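Both of the next two complexes hold chain A, though its partner changes from chain B to chain C.
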Partner chain A sequence: MSTIDERVEPAAGLMTAATRGARSRQPSAPWMAFLWRLLLSDYFVLYLTIIFFVVASFFFPTLSAPGNISNQLSNIWPLLAVAVGQTFVLILGGIDLSVTSIMAVTSVGGALLMTQVLDGPTFDKSPLWGTLINENGGLLSGNPQAVLIAVAFMLLLGTLIGLWNGFAITRFKMAPFMVTLVSMIVFSALALWLTASRNVSGLPADFVLLGKGDIVSVFLGPKLNPDIARRDVLPFITYPFAIAVTLAVVAHYILGRTVFGRHMYSIGTNRRASEISGVPSQRVIMLVYAFSGFCAAVSAILYSARLEIGRPSLGDGLLMDIIGAAVIGGTSLFGGKGTIKGTFFGVAFFILLLNILNAMRLSPFVIDAVKGVVILTAALLDITRTRLANREQRA
Partner chain B sequence: MLRKFGKLFILVALIALLVPMTFVSTAQDQITICFSFQDLETEFWVAGHKAITETLRAQGIEVLEYNANENPDRQLEQIRDCIAQGVDGIIIIPQDGDSAVTIINEAQAADTPIAVFNRPPNDRSRGITVVADNVSATEQAVEFIAQKALTKFETTGEPIIPLIVVGALQDTNAIGRREGFFNVINRYNENYPGMFATPIEVASEWDAATALANLEAAITANPNVDFLYTSSDFLFPTIRSVLEPRGKWVPMGQPGHVLMAGLDGDATACMLIEQGLVDATGVQNLFFEAELTMNRLLQAIEEGDPQPNEVLLDPGFALTAGNFIWQSNDMWGCVLYREGFLDQ
Partner chain C sequence: MSIVLETRNLTKAFFGITAVNNVSIHVNEGEILGLIGQNGAGKSTLMNLVGGVVQPDDGTMLYMGKPYTPRGPADATRERIAFIHQELNLFTNLTIAENVFIEGFPTVGRGPFRLIDRGAVKKLTQQVLAAVGLDLSPDMPVDRMSPGERQLVEIAKALYLDASLIILDEPTTSLTNRETEKLFEIMRQLRAQGKALVYISHILTDVLAISDQIAVMRDGQLMTQEPASAFDINRMISLMVGRSIENLYPPRTSQPQADSLLELRGICAAGIVEDVNLTVRKGEVVGLFGLMGSGRTELARMLYGLDSYERGDIVVKGQPVKRASSRASIRNNVAFVTENRREEGLLMNINIADNIALVSLPNFANPVTQVINKNEMLSSAGQVANLLQLKSGNIALQPAKALSGGNQQKVVVAKWLLSKPSIFIMDEPTRGIDVGAKYEIYGIIDQLAAAGSGVLFISSELEELMGMCDRILVMSRGEMFGEFQRSEFSQEAILRAAFREGGNGNHHGQRSNGQ
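Our next item is the complex of A and B:
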């Protein structure tokens, strides 16, 4: 009897095919064979991340300093949250360009609800001024449940926007690129309009905790002084960690252990064939885009809370990082392939890459160029693997 | 194909990683300052960036530079990076006053002294804030053209018609500049009753297109405007496009010359003062501000003060047609102008 994993993970199957195809062409030299196996492994990005980390730590000792590791981990969680949703969409063979604008509009939407004070001369040009917001803050200002309600609102708003994307794609037969591009423009503009282009500050302390609160902090090293310097106490398990990891685990379960996940891979591999086989593609697509919107809202909560502001341009410039992390993690831009595990490795690699490039003290322009080259290389790798797998399947 | 691609991939990955590492500095004993700037989107910030990095490096200080690409969240990550690397101090040009507050708190919570350069945080009670005194710089520039206007008023007896192009009034810089302008106008009107007519206010919202539309309307309605102050030098090309067709864009000394002053001290203003088309500009003394920032931060580092809190004002100065010869070298815009910035 086959295990659930074997039955439901076409991605894994595809990878196995790729690996088989490669093995039939494996070089004879043992070290080259090892490299081929490494290159085609599901854990290739993880291995690459570890190798990069070890080699780079040799040149830059600060990389392996506990403070730096703790810091880089804190950078992983918000990006992971939004990349998880994008992974779902990419597996379908779609793309969600609107995630950054969903982040922006949910960020300011929630912030305007729960803010405790607003500056009149700054916000009196907002269309909400005098009705939903005033000098005393938002509608929920002073309400003990403000954070809970605002967070629920942000998640609902993100989900609804995602649902709208899915609806437009399935019912109007529009290209995902076009639908989500329009959503990106419209909701970015909405976020700017609602706030008159201003940041929303004065957020409750409980909300800020979601972005930077520690659950477990550690101090490493001998205690030489009675007082430990604050910079030496390192956050280890934080609220963003708990939130993003929970989201990723749930997404991993959906993708790998449910019929819904099988349907996603099936649609991404061949939508027409899936529909003939009885896969409810329209419903699956709509729900996946809704989930992507939900994940973007989770990410918006984490980013807004750690920055302590609702920001109408939140997520600007982040799209390349989001898609790049998923692609580096092995998610195919052609659909039908990808895992949450891979996306996590992709995000970790991306954050480490940035950390290394910063440590190299390169010009910011060079850093962006290197990021682009790495994403392009990952996409090329994906194409090659897919071709090999297809060739092997045909054979 | 796989073999070829695999080799290529590994080669690219290794080159991408190893080549830049060969350029790494390994100095450990010198002071290290982290400098994170929001972007270099205007010549003002290009000059600010240059002033800070050159001032610090001239002192033998190692500077870690980070460009946040106008993303405050990225800037926050960069500051955390800097703290993790154990830098001695931090200088930021924040994206906005709100995120600056969060970043200052982050740095101070990690006992790392931090200074904010030229774009003040909304809460100035924490961190070192170095900011231009917009009121003072404006007053100095407007005073120069008011003196000339007084001569004209005393000769003709006709009231001067002043116009101010105001910035976005949510911005404290714009508010300060407007205040400086009215301080001078009111003072002259008190001392010389009837000298100035009621000033015409033209909104720009810091946007050239908005300024153009509003200025066109204002000059059409008031063609005899002969005294103009713009809250930012970047609007001089816009002003030129309105005044030139009306024969009012002429050098000083010629009939129809409008007394003009601005603020910022950019390369265009430098060129226009040199050509006699603009009379004065209030200058944010970037070189002075850079030195002020560095000195106060180094003082905090030396004293072991992890949370220095102080607001330091740059009074600025006015570069005028009168002092251009000996003071233009102090203006950042003139430095850029002479380096051929406007020819690029």
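Our next item is the complex of A and C:
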């Protein structure tokens, strides 16, 4: 009996202190109190994105045009897929710089396998010409299972590269930055070498469907003909949507609900303490890098299918967007912190930002500079939010 | 003979705990002052005050007859006070010369063209190295040197600064006998040159042999400062210990049983532990005592599987452990409450419940999907927190770092309790926590033993071991140097063993002294 009393009392005392502290700090004006709550909310970035969208639509009406929304949504899904894997790595306190090169090499690898036709004069400089590829396309050209096998190959390749990163980091005790930087350079070069720097076209129609197939589409406008032309239909729920969201939901559950997820957070917070407490850190780290490679491959499939090519420069310039989206979503580069939900909001925010900057017709260099400033601001804001939330907890 | 340094009524408290209380000592020119006391007696804090590392709350210091109020270590250096710390402050990636001159290189040229005078650096370094009898190249990186050589480089640095007062805090812990002899030789030379030295050490025979004066501290207070001729080992020990220990410890409620839970047979690791045997029985609390550097923490880490050993067997519940690792230990129901809560015990930024559940997470998960039953986990964590009377907010929300030291320690203990271990290794479980929380930790240790667990209780506070243990083992320089049953407990006898002044263990390897 007495033990229960003793436990309840300080807890109750703490609660009143907390509410008192919060009340004294919170400004009396209700709109300020509202802003305060907004700032500390898990959904802060989502609210910010919505506000941003509404305000910007006022200045750039094209932003809220259905065609633009449909287009921007389709930009979100491939980026989300690769950002999910990066979020996992960042939670461990690591970093995966190689994701863009994994995307490039899986993109061209898959494409070279399943392409139906190749242009001789351009591809005869590829080291694979005459053995694995020729005028009739790749090894799987004409094979009825070509798409299935090629997709499986791409996923496997991405996972294996990620596994190699994880292996080098855990077994050789090398810095993640170093290992993944080398992977980035090596696999990017490999992608360029295999294709002689050319895009690989002639992909099977079934594959292209993965990037463009729609589930729910809307036709807006007057119905003049009985047949609606394909390009007039605006897809909102698409195959890429289904694929990326499934991946994100699975990742969300792994992170939040499983032993593996708890272990990831604990390694990212304090690896030494985790190991003493029996967390199999090497295994977790290896699997997480493998997962990051897998996610990059998924992203490569979505991008390649949408572009209808295997592209050796696929991930170029994307790294800042990927890490930026995760950081905007509240993932800490110090490890131990981050959610898939946050990364999703971060991706949406980032795509919106790019959309607005493009609508402003700024030069790509200015756009890059603005992106950098936004990422820095987001990181700073997150530190402030964490400090405020801690104070709330401590009061 | 003039006084170089004098402290008057110096007082310093950390977070309400008085580390140095009203201490007045003096160091004479051309003399060595030996400073002794148990761990936590305030020796290091006193010297940190002199070295400007911390500032006093009260009291004054006189240096060369003038008031001396250092605001930082740089002030002490300017006044030519050299402080050689317990843990060496050398940059191991730099060379000897770079280390000697780290606080200011000789330069040539002026203005923006001021450059380091490499030639002068080399020549001066060679000079000071010769003065300490080191025949090494000034360009040798420090990480290729032995601990003894590094110690001498620290002294060379002090010589370069032409220090008038040199403080040496436990300089011999990592030195071999020959290196120690060499160090003493140099200390005597410095004394002959009229320098004042303060020598802090746990090795009482050394202190007695080399000091001119000896000061004894206990619980932050100076017990006495007298010429060395007024002391013998017995008097030193009895001045260092003292204080009654009644009511500080809960009564033990159980007796050890016959079956052994944990056995170490001949564990060896070169330079760390030598041929260590140890047994922990069911329901027994075994104390492991030793001075800093005695190898007690290292032994615990080997036994839990964090560090490797070269020879010997670890036997848990009659089964030899093939390859010790933390995961194997957890499977064998061995728990390890580490010495260092912040770095090795807790996930500071993560909530209390997740901290408590960390070791036993798989027990709350679906074996196939690995999905955690969160309600079950939270209620179990809550139960253990209740049992230990953890004072916290909502355990699912509050991060561990928001707790007080004592409550943080309870979280570490709770984490292991939840995994239902039968062998507890506790390394300094009461370090840095207040008296009330200590009493509660002692209570938990007694309950664990009463429930049939075996506890290996490692501490540098002898009194708490005497208060709680059924048996105390004493380690000294990597060896088991004594074993005391509860009926034989005596502070003096145990400390003597720790200082290798006696004990009832094997005496091989005891060092004979120079004088």
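Just so we're on the same page, the second predicted complex is superposed on the first by the 336 of 395 C-alpha atoms of A that agree within 3 Å, B and C clash if a C-alpha of one lies under 4 Å from a C-alpha of the other, contacts with A are read in each partner's own complex, and residues count from 1 in each chain.
Here, a contact is a pair of C-beta atoms (placed from the backbone, for glycine too) under 8 Å apart; a residue touches a chain by one contact, two chains touch by 3 or more.
All figures in this text were calculated on a predicted structure; none of them were measured in a lab.
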Which superposed partner A:144 touches (first chain B, second chain C, both, neither): neither
Which of chain B and chain C A:258 touches, first, second, both or neither: second
First, second, both or neither for A:337, with chain B first and chain C second: second
Chain B versus chain C as contact partner of A:30, first or second or both or neither: neither
Chain B versus chain C as contact partner of A:361, first or second or both or neither: first
First, second, both or neither for A:274, with chain B first and chain C second: second
First (chain B), second (chain C), both or neither touched by A:266: second
In the superposition, chain B vs chain C on chain A residues touched: B
Chain A to chain C touching residues, read off their complex: 3-4, 6-7, 10-11, 14-15, 18, 253, 257-260, 262-263, 265-266, 269-270, 272-280, 336-337, 390, 393-394
Interfacial residue positions of chain A with respect to chain B in the complex: 22, 25, 27, 35-36, 39, 48, 52, 55-56, 59-60, 62, 65, 67-68, 70-71, 74-75, 121-122, 198-199, 201, 229-231, 303, 306-309, 311, 314, 316-318, 355-366, 368, 370, 373-374, 377, 380-381, 384, 388
Footprint of chain A on chain C - complex, ascending: 304, 306, 326-327, 329-330, 336, 338, 343-350, 354, 357-359, 361-362, 365, 369-372, 374, 385-387, 389-394, 397-399, 402, 415
Residue ranges of chain B in contact with chain A within the complex: 1-3, 5-6, 9-10, 12-13, 16-18, 20-21, 23-25, 64-67, 69-74, 76-78, 80-81, 83-86, 96, 98-99, 101-102, 109-112, 122, 169-170
